[in-house]
Amino acid sequence: MNTDRAEGVFVIAPTPFHSDGRIDESSVDRMTDFFLGAGVTGMTVLGQLGEAPKMDHAESVSIVKRVLNRAKVPVVVGVSAPGFAAMRALTQDVMAAGASGVMIAPPNTLRTDDSIVQYYRQASEAIGAGVPFVIQDYPLTFSVQMTPAVIRRIHTENPSCWFLKHEDWPGLEKISQLRAWEKDGSMRRLPILIGNNALFLDFEMERGADGANTGYCFPDMLVDVVRLSKAGKRDEAHDLFDAHLPLIRYEQQPGPGLAVRKYVMMRRGIIASDTLRKPGAALTPAARAEVDYLLARLSHKDPRARV
Amino acid sequence: MNTDRAEGVFVIAPTPFHSDGRIDESSVDRMTDFFLGAGVTGMTVLGQLGEAPKMDHAESVSIVKRVLNRAKVPVVVGVSAPGFAAMRALTQDVMAAGASGVMIAPPNTLRTDDSIVQYYRQASEAIGAGVPFVIQDYPLTFSVQMTPAVIRRIHTENPSCWFLKHEDWPGLEKISQLRAWEKDGSMRRLPILIGNNALFLDFEMERGADGANTGYCFPDMLVDVVRLSKAGKRDEAHDLFDAHLPLIRYEQQPGPGLAVRKYVMMRRGIIASDTLRKPGAALTPAARAEVDYLLARLSHKDPRARV
Amino acid sequence: MNTDRAEGVFVIAPTPFHSDGRIDESSVDRMTDFFLGAGVTGMTVLGQLGEAPKMDHAESVSIVKRVLNRAKVPVVVGVSAPGFAAMRALTQDVMAAGASGVMIAPPNTLRTDDSIVQYYRQASEAIGAGVPFVIQDYPLTFSVQMTPAVIRRIHTENPSCWFLKHEDWPGLEKISQLRAWEKDGSMRRLPILIGNNALFLDFEMERGADGANTGYCFPDMLVDVVRLSKAGKRDEAHDLFDAHLPLIRYEQQPGPGLAVRKYVMMRRGIIASDTLRKPGAALTPAARAEVDYLLARLSHKDPRARV
Amino acid sequence: MNTDRAEGVFVIAPTPFHSDGRIDESSVDRMTDFFLGAGVTGMTVLGQLGEAPKMDHAESVSIVKRVLNRAKVPVVVGVSAPGFAAMRALTQDVMAAGASGVMIAPPNTLRTDDSIVQYYRQASEAIGAGVPFVIQDYPLTFSVQMTPAVIRRIHTENPSCWFLKHEDWPGLEKISQLRAWEKDGSMRRLPILIGNNALFLDFEMERGADGANTGYCFPDMLVDVVRLSKAGKRDEAHDLFDAHLPLIRYEQQPGPGLAVRKYVMMRRGIIASDTLRKPGAALTPAARAEVDYLLARLSHKDPRARV
């Protein structure tokens, strides 16, 4: 595994369930094939929006294996846990099964720069210094604030640090700062893939991101925006992005956002059911009608949105 | 003051400063006139984005008086404070000067339903039971979660509760719940004006909001969207809203958001300088260029955006 | 299992490790025997201070089984987890092995009364309505504030709610309120065992607690204070308690507290090593000397403290 | 003002009110005289437990002046505020009246090392680089975690940084770390006075604190413990401290703690009424009886406690 590079779209995969809550394996397969067809360059499973905490160890491993069976791209596995023991156990099993690396979010009790740096040091030691890991920087959900300097320290200390899932908000200046440090030689290259449901993908690409690491219900759009942006087709990238922005914004809501994502993926035929495990809840009829309306409007601007 | 009603756009006014940080009174006047010309139905001054905590008591009162001199619409004044003494002192002075009511945000230490209800009870008692007050429900900034039931309790207990500045996120179901309770008779009518930089104004209007109480740099657009939505022109409302959404999203960022707002208002000629008092910071050149680009794109879709 | 009763001292058991971090099974045995000899009426394993998050599923189950082999008192198992799947998996395994019930702490993201009540409803559903569970009310660590009314709702809704591990701080009035509600018939009897390292055990007993559910390094003292207090020997209870208070206070510190506890238990010969798993850290030499000094002083007042 | 030194007991003064909530000026005088007679070396007014946020600007200034009239020791004034304008205004008025310095707590939204350092830099700039200021490090109340390195940065950057009100918990290692840095020359001398109701005064003195900056209802005891500890009379210091610990612990409770303090000071004849301004609440009868019992027990061990 070359941990110097990550680019394009590492899509965050939801976990498809049957309506009774069991894992829907054929939807896992269909979804994996769809992602590959859409041009993703990687996949992340068992992230926060993969409903990871709602699965036990055996289920977690089985999903990863199912995805690895078909994925021809690197697969990252979310292994965040309240303690290092569970993190280590899951990491060992999924790396043995063929995963390319793991993603680690900080526990929401960390409050000082040093405590964050120490956490990643101990986590890397726990999973093994040879296991590539992704820093998940998502203060909105995890309540942990990492300055660019903290990220640089983590990256510098840990050769197995693979890339940054950047989803701080606001976050544009953070990307610029990290890229400036790379340019002036005070930091080695850190691949940056952005998350936060791509709400700022347009400008994040222009600030220096390498791509996206998120799960918006039209990952094909993410692939195109990343491609257009890298090709310097700025207006085209923004035009496409803006067409999706009303829905991106709607899906980015914490709480109902995942239900929106699954509902649209169900309507697109990618997964069979939009079921969430508890405590997740289904969309209300009013919300569902709003998503339908957004999809109808989107279909006039982006043909692939005709679902 | 009729505290049963609030509708249209109660614009959140920023506080214009000279580049050295002094209050810019002629910009206050120009801004007030601009807002009136744009069709606002009310104004809120000294809110969070009015940089209220950066002004001392005398400055606060002077700004309110300056606005009251010209405003022909109700003026609400933010009086949130860490204790009731300062809240009472400011309330007395601004109500004596002609303000129509005050806005109160909960201190970010409140954690239980009862403690929130008690806080508003004591606050109302402190400022005087005759003073109309606005509940500011903005968990993203204040870390206080008010359920619909808590809002109903506050509204029911306090006859002087005027309206809800709704800026919870996600927040659509909250509006629907409150409206359902009004319909089934379990709650008296509560006017709802939405905030959060109008990020969900389109659907919030459809869920039952009465208007907006936010300060997006094109309040004229807010006025039009509210009008179109109330007139049942759904597609037109969304078309106009969607045209602005890339900029709305950019301005909604905590931190740089206010600098964006002031920068655009300066470019529009509404205020003379985009200066923020400390600890606020100016936009970086990169951010400024991004806003310029967003404005250029917007100008193709909404003629008033040609600045 | 009679879930109407819990009294005396349900000691919180630490998890003994060898100096290399492996579980020390013979120390588990010796510790269990010691607790029984000290007169505890129950044991709680895998609590927060049992370093639960640092063990994987298999280790967790093995410790519980080891304790169950010797314990002649009810054993409660901490099963708090970020999701219901892991909670359910551990609960099933330990209940099958003979545990009497489980302890559940709320995730530190809960912010409203309803969300807390719903969490316990869903947790109980997840583990099975027949499994007795303990509410852990520890805002200092979990940042979740439960009012007495919330506790009453949880207890009323869930017949399998066994007892309250009360460790709110301040917390005396909470006990009084719950007891008042029982007296006036608005709540069925809820056993209350107190935690928070027993810092207020003296007065909590007088307010109506049934005993303690904590792990202070002299659980024999806890047993005696509970007994004296129930026997109405107020001054004697306070005399004994006060003799230990300097050390109780020292051990109650978050962070080093558990290292203090293990160090004293090692010095008392109850466990072989005071090793903590990461991220826990050993006492500094200065702290160790302070504990030694406190023990020396204590030995003049309580003979069992001669270690 | 020599900002290189602070030692002994800088007592935190409560604000005495009449039972109707008005400031009780003769109690202010009597209290000030009592403190001087007890041997304090400084006074801090308008701290968190001085109910500062409950007073408006004019009241705040009047209390400071009243104290300054009689105090023959340096007086520090709490000027913490949500914005720099109010902080500057109060600082100017109290420094002009003769205060020796001000105390500044960080706003509870700060989350990174840099943001804390920047806050104190901007605060010092706002109040004037010549005004001695005290860092209040009280994470339990303010939710801001300052590492020793952050404190060193603040102290190094700001020549007007006077002393540290240390009330982190746990906090012993923090004192040792700061003293170690002074010893190895990597930090200039920082006076440290401890707070947190003196719950660890005994060991904090031994770790290198210069004294106390707290308001326990027997400040005379604080003076003696500091003196004994500095004189190397370790056992005597602990004996006296331990006699008070049951009450110290009781008074240290957030919420009712201040009511305890005022109640005891009223019983001691130092202030006329134990009234708190809202949202503060009086002790319940049960709590009052508990304090009475603690005082009765204390009177057997420390003669001055016969009240």
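Read from first to last, the chains carry the letters A, B, C and D; within each, the first residue is number 1.
Just so we're on the same page, contacts are C-beta pairs under 8 Å (C-beta built on N, C-alpha and C of every residue); 3 or more make two chains touch, one makes a residue touch a chain.
Please read all numbers here as calculations on a predicted model, not as lab measurements.
**Student:** Hop across touching chains from chain A and tell me the fewest hops that reach chain D.
**Tutor:** Shortest path length, in steps: 1.
**Student:** Farthest from chain A in C-alpha centre terms, which chain would that be?
**Tutor:** Farthest chain from chain A, going by C-alpha centroids: D.
**Student:** Could you please state the distance in Å, as a whole number, between where the Cα atoms of chain B are centred and where those of chain D are centred?
**Tutor:** Each chain reduced to its C-alpha mean, chain B and chain D end up 38 Å apart.
**Student:** Please compute the C-alpha centroid of chain A, do the same for chain B, then give the distance between them in whole Å.
**Tutor:** Those two chain centres are 33 Å apart.
**Student:** Using mean C-alpha positions as chain centres, tell me how far chain B is from chain C in Å, no decimals.
**Tutor:** 47
**Student:** Which parts of chain D, given as residue numbers and ranges, touch two or more other chains?
**Tutor:** Nothing qualifies.
**Student:** If you connect every pair of chains that touch, what shape comes out? Choose line, ring, star, complete or other.
**Tutor:** Complete.
**Student:** Mind pulling up the chain C residues that touch chain B in the complex?
**Tutor:** 111-115, 139, 144-147, 149-150
**Student:** Within the complex, which stretch of chain C touches chain A?
**Tutor:** Spelled out, the residues of chain C in touch with chain A are 51-57, 59, 81-86, 88-89, 108-109, 118-119, 122, 125-126, 277-279.
**Student:** Please name which positions on chain C make contact with chain D in the complex.
**Tutor:** So the residues of chain C in touch with chain D come to 169-170, 172-173, 176, 199-200, 202-203, 206-207, 238, 242, 245-246, 249-250, 253-257, 284, 286-287, 290, 297.
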